[in-house]
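The following pair of complexes shares a single chain, chain A, combined with chain B in the former and chain C in the latter.
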Partner chain A sequence: MATLELYQVCKRFGAASALTPTSLQVADGEFVVLVGPSGCGKSTLLRMIAGLESPSGGEIRIGGRCVNAQEPSARDIAMVFQNYALYPHMSVRENLSYALKLRKLERAEITRRVDWAVDLLGLQPLLARKPGELSGGQRQRVAMGRAIVREPQLFLFDEPLSNLDARLRNHMRVEIKQLHRRLGTTTVYVTHDQVEAMTLAQRMVVMNHGRIEQVGTPEEVYAQPASAFVAGFLGAPPMNLLAARVSAEGTHVLVEDLAPLPLSAPQPARAGRAVTLGLRPEALLPDVDGCWTVTLNLIESLGGEMLLHAGVGKQACVLRIATTTSPWREGDTLRVNVASTALHLFDADSGQRLPS
Partner chain B sequence: MGGSRTAGEPLPGTWFRGRWLPWLLLAPQLLVIAVFFLWPTLRALRDAFYQGDAFGLSEEFVGLRHFAHTLGSAEYGHALLLTLAYALLTSALSLAGGFALAVAVEGLRSGRTLFRTLFLWPYALAPAISAALWVFLFRPQVGLGAGLLEHVGVHWNPALQAGQAQALVLATTVWQLLAYNFLFYGAALQSLPPSLLEAAALDGARGWRRVRDVIWPLLAPTTLFLVVTDLTFVLFDTFGLIDVLTQGGPDHATETLVYKLYEDAFRNFDQGAAAVQSLLLMLLVTGLGVLQLRLQRRRVPA
Partner chain C sequence: MKRQWLRRSGLLLLALLLALPLYAALIAASHAPGDLLGRLPWLPGNRLLHNLRTVLGAGLPGSPSVLRMLGNSLVMALGIALGKLTLATLSAYAVVYFRFPLRHTAFVLILSSLMLPLEVRFYPTFQVSAGLHLLNSYGVLIVPLIASATATFLLRQFFASMPPSLLDAARMDGAGPMQFFLHSALPLARTPLAALFVLEFVYGWNQYLWPLLTTTDARYATVVMGMQGLINAGTSFALPRWDLVMTTALLALLPPLLVLLLAQRWFIRGLTDIEK
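Showing the complex of A and B:
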């Protein structure tokens, strides 16, 4: 186990910048998730940590030791790939033990480690099989086994669940979390799926356009998104982002055709300026005395709750209501209340969060 | 075509209304197959059981006599053994060489395209042309290659020395096949999933271990394909090469099955024996094809 430190690490491919200089510290034993849309630089960053790409600048330290010049195999790390990357011509047992054989460990030690991983992941019935004879979930589990037998200082996961169906993905997510709890190995996990990021991360790093947008615990990032991008990326469904304007006095926020909402923190400096108003789907509550009137366009039932797609003024938003049956019908109008503490304001141009 | 489609039924849009149109479209290809494949094959099949007189005026059914004669002859046994040795040695050398070159070129940081192009050239030449090049290079006294060999103390005269003639044929064939194998191994290497090689890098497989444990086994399907293609090439397509290089000599030292067949048919005018030999050769190659299909089916993962 070890710490991971990145100092001003960047990556350029020719003239194009895949990652702007980025710094990040990962504590010993921490589970950090890099999340963002495809092309945001998260995989590039992970591959540089693994040594599969070399950084264009900056320094990568594992356990306090600079590894920039080290080969991947010398960095004492293990990586799980999206497509598993198991050797198709080797049995499961051979796949698990190959790296250990290359390191010239004693046979007894190899057996001990492989047996331990096999027990931990329930691979016993699969040992003699080839990867081609395994299901997606089983391959995933073998790939994790291949990583843990090496007892590395650092685990790297590159979208490990993306090739699995939804049910299996939920199941494996729980397994990965339990595995981390048992082993306590420092882990960097890359995904584009915000649910995976929220559920797995002790700390998450939201990335966009080759740079870090926000670092924090899932709760922090969800409650206080640092930018409109983060706000719109996290949550299912994500936060509603409405074009709005600060009132002339700086005390209210105005959405076109709708009643002004009072700000808990007035914005005199931005009086009259355009902003983006962020509202979580659960922050809009039906209330007969509510301040806003919305038009229901579409109702989606999720069983325990409902998603109401509504028109607010000339814009659209989604409401999430914890109810099993809907008293409303599509086309109805509805009054909703907005708690002033639930308002998120972002700069309309930069997308940066404004104090509220 | 409404409702569900059962297996074997053509897709909508691939259906011809008339009976004659599909046959018309097939006709050119069928004609080519009939004239250049079916007709000669049937002719060979027939000739294998008949003996004509010296003037081609009468024929007599002789049953299996041609077969017995051919299979019993020491010359045929010699040609068969020679061909097997030639085919196996050529395939093995050109496979190993093609693989090694492909791996080496893939590992280059720059100049890959240059080497790929250069190594491909021999394949672009017809066997007879490449043989002509080698004849030129290894003509005793005047050839560049021959001069080099003389320089290191080899008394070079493939027209007299059986071993030298065989080496010359072998080298020319390998040179030509090498390009072909290089091409296929190169393409296969490029189509390997990059993550597998990355996983190998993380596991610490480097150099020789990486090639032996990961790359070579992953290219097994390509190797299988190339073994059969190479053997077929050596069995059939080396006629022109041998004809230009040695004409089967000296004293039958380079007379492979396909060359002996030609000699018997067009020099000795023994139609029956030639027909039998061509049938046996065809059987051999068909057997190779069947073997390839079997192995491939077994290898393809579920």
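Showing the complex of A and C:
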């Protein structure tokens, strides 16, 4: 087990920058998730930690020692790939023991480690099979087994669940979390799925356009998104982002055609300026005395709750209501109330969060 | 139903048409030379075993025994097929997995040699072989023919189609370039390799002009090239020995057929679906 430290690590491909200088500290035993849309640099960062790409600048330290010049196999890490990358011509047992054989471990030690991983992951009935004869979930489990038999200091996961169907994904997500709890190995996990990120991460790193937008616990990132991008990326459905304006006195926020909302923290410096107003779908509550009137365009039922797609003034937003039956119909108008503590304000140009 | 019958009888007709020369050879090989004068009997005779014994044992006067020629052909075909596979696998592996200067140029050069038929380079190749004192040896039958653009190209495509994460995984596991080649690339390429082996074995077996040019010593005669010698040798008899020539032709057909039959399953899989 080890810490992982990145100092000003960057990556350029020719003239294009894939990752701007990035620093990050991962504590011993921590589970960190890198999350962002495709092309945000999260996989590049992971591959540099693994040693499969070399950084254009900066320093990577695992357990306190610089590994920039080390081969992947010398870094004492293990990686699980998106398409599993199992050796198709080897049986499950051979797949598990290959790295150990290359390291010239003693036969008894190899058997001990493989048996341990097999027990832990329930691979016993699969040992003699080839990867081609396994289901997606089984392959995933073998890929994890191949990683843990090496007893590495650091686990890297590169979108390990994206090739699985939704049901299996939920199941494997729980298994990965339990595995981490049992082994306590430092883990860096890359995904584009914000649900995976929220549920697995002890700390999550939201990335966009080759740089880090925000680092924090899932609760922090959800409650206090650092930018409009983070706000719009997390949550299902994500936060509603509305074009708005701060009133001339700086005490209210105005959305076109709608009643002004009082700000809990006045913004005199931005009086009269354009801002982006962020509202979580659950922050808009139906209330006969509500200040806003919205038009229902579409109602989606999720069983235990409903998503109401509504027009607010000239813009659109989504409301999430915890109810099983809808008293409204599409086309109805509805009054909603907005709690002043639920307002998120972002700079309209830079997208940065405004202090509140 | 009716259409299917039509199609089947069409196929049957074609098959018969293709089998006809073989049948003629079989008839000629099983009769005495006198029976073949100016006509071809309809049914096989009873001298096939006798003729086989003659060509395999003594051979025709003035030419080595057919057994020896078959042996030479086998050495040549195996040498060419294995040589081609070795060279092609290594060069395809290099072109796909190593970054070296002019890598792409190297591949384009290999590929462009596909456009040139073998015969185009006979003259310079002959000069080089003669200069190296290779004429009249197994070396000259094999070595100049073991570079293969086709095999290199097919194997390059195969290696390039393997998921790149497989290499990543092997690097994480600590496999070096040769270990990845021996433990992963080579075992995974066994289907295309088997298919290529069949193709190149038949190619090597059927070489005619090159052995004819480079070997004058009858000890190195291959069966495909030696057959024309048999026809000449036959004229020294009172009767042309078409019975013996056709027996030899049948014998020459057998090894490629055997290789194809034995490797049929691999052959089809190797050229159609690429297993990953």
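Methods note: the second predicted complex is superposed on the first by the 356 of 356 C-alpha atoms of A that agree within 3 Å, B and C clash if a C-alpha of one lies under 4 Å from a C-alpha of the other, contacts with A are read in each partner's own complex, and residues count from 1 in each chain.
The working rule: a residue touches a chain if its C-beta (ideal position, glycine included) is under 8 Å from a C-beta of that chain, and two chains touch if they have at least 3 such contacts.
Please read all numbers here as calculations on a predicted model, not as lab measurements.
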Following superposition onto chain A, is the placement of chain B relative to chain C best described as a clash or a fit?
clash
Mind working out whether A:Ser91 is in touch with chain B, chain C, both or neither, as first, second, both or neither?
neither
Tell me the contact category for A:Thr111 with respect to chain B and chain C: first, second, both or neither.
neither
Would you check which partner chain A:Ala99 touches, where first means chain B only, second means chain C only, and both and neither mean what they say?
both
Between chain B and chain C, whom does A:Ser326 touch in the aligned arrangement: first, second, both, or neither?
neither
Given the touch rule stated above, what does A:Glu133 touch, chain B (first), chain C (second), both, or neither?
first
Could you look at A:Asn337 and tell me whether it touches chain B, chain C, both or neither (first, second, both, neither)?
neither
A:Gln70 contacts which: chain B (first), chain C (second), both, neither?
neither
Show me the chain A residues, by the header's touch rule, that chain B contacts in one structure and chain C contacts in the other.
50-52, 71-74, 77-79, 81-83, 85-89, 98-99, 102-103
Of all residues in chain A, which touch chain C in the complex?
47, 50-52, 71-74, 77-79, 81-83, 85-89, 98-99, 102-103, 146
The residues of chain A that touch chain B in their complex are 50-52, 71-74, 77-79, 81-83, 85-89, 98-99, 102-103, 130, 132-133
Chain B residues within the chain A interface of the complex:
193, 195-196, 198-206, 209, 213-214, 217-218, 220, 301-302
Chain A partner contacts - residues on chain C that touch it in the complex:
163, 165-166, 168-175, 179, 183-184, 187-188, 275-276
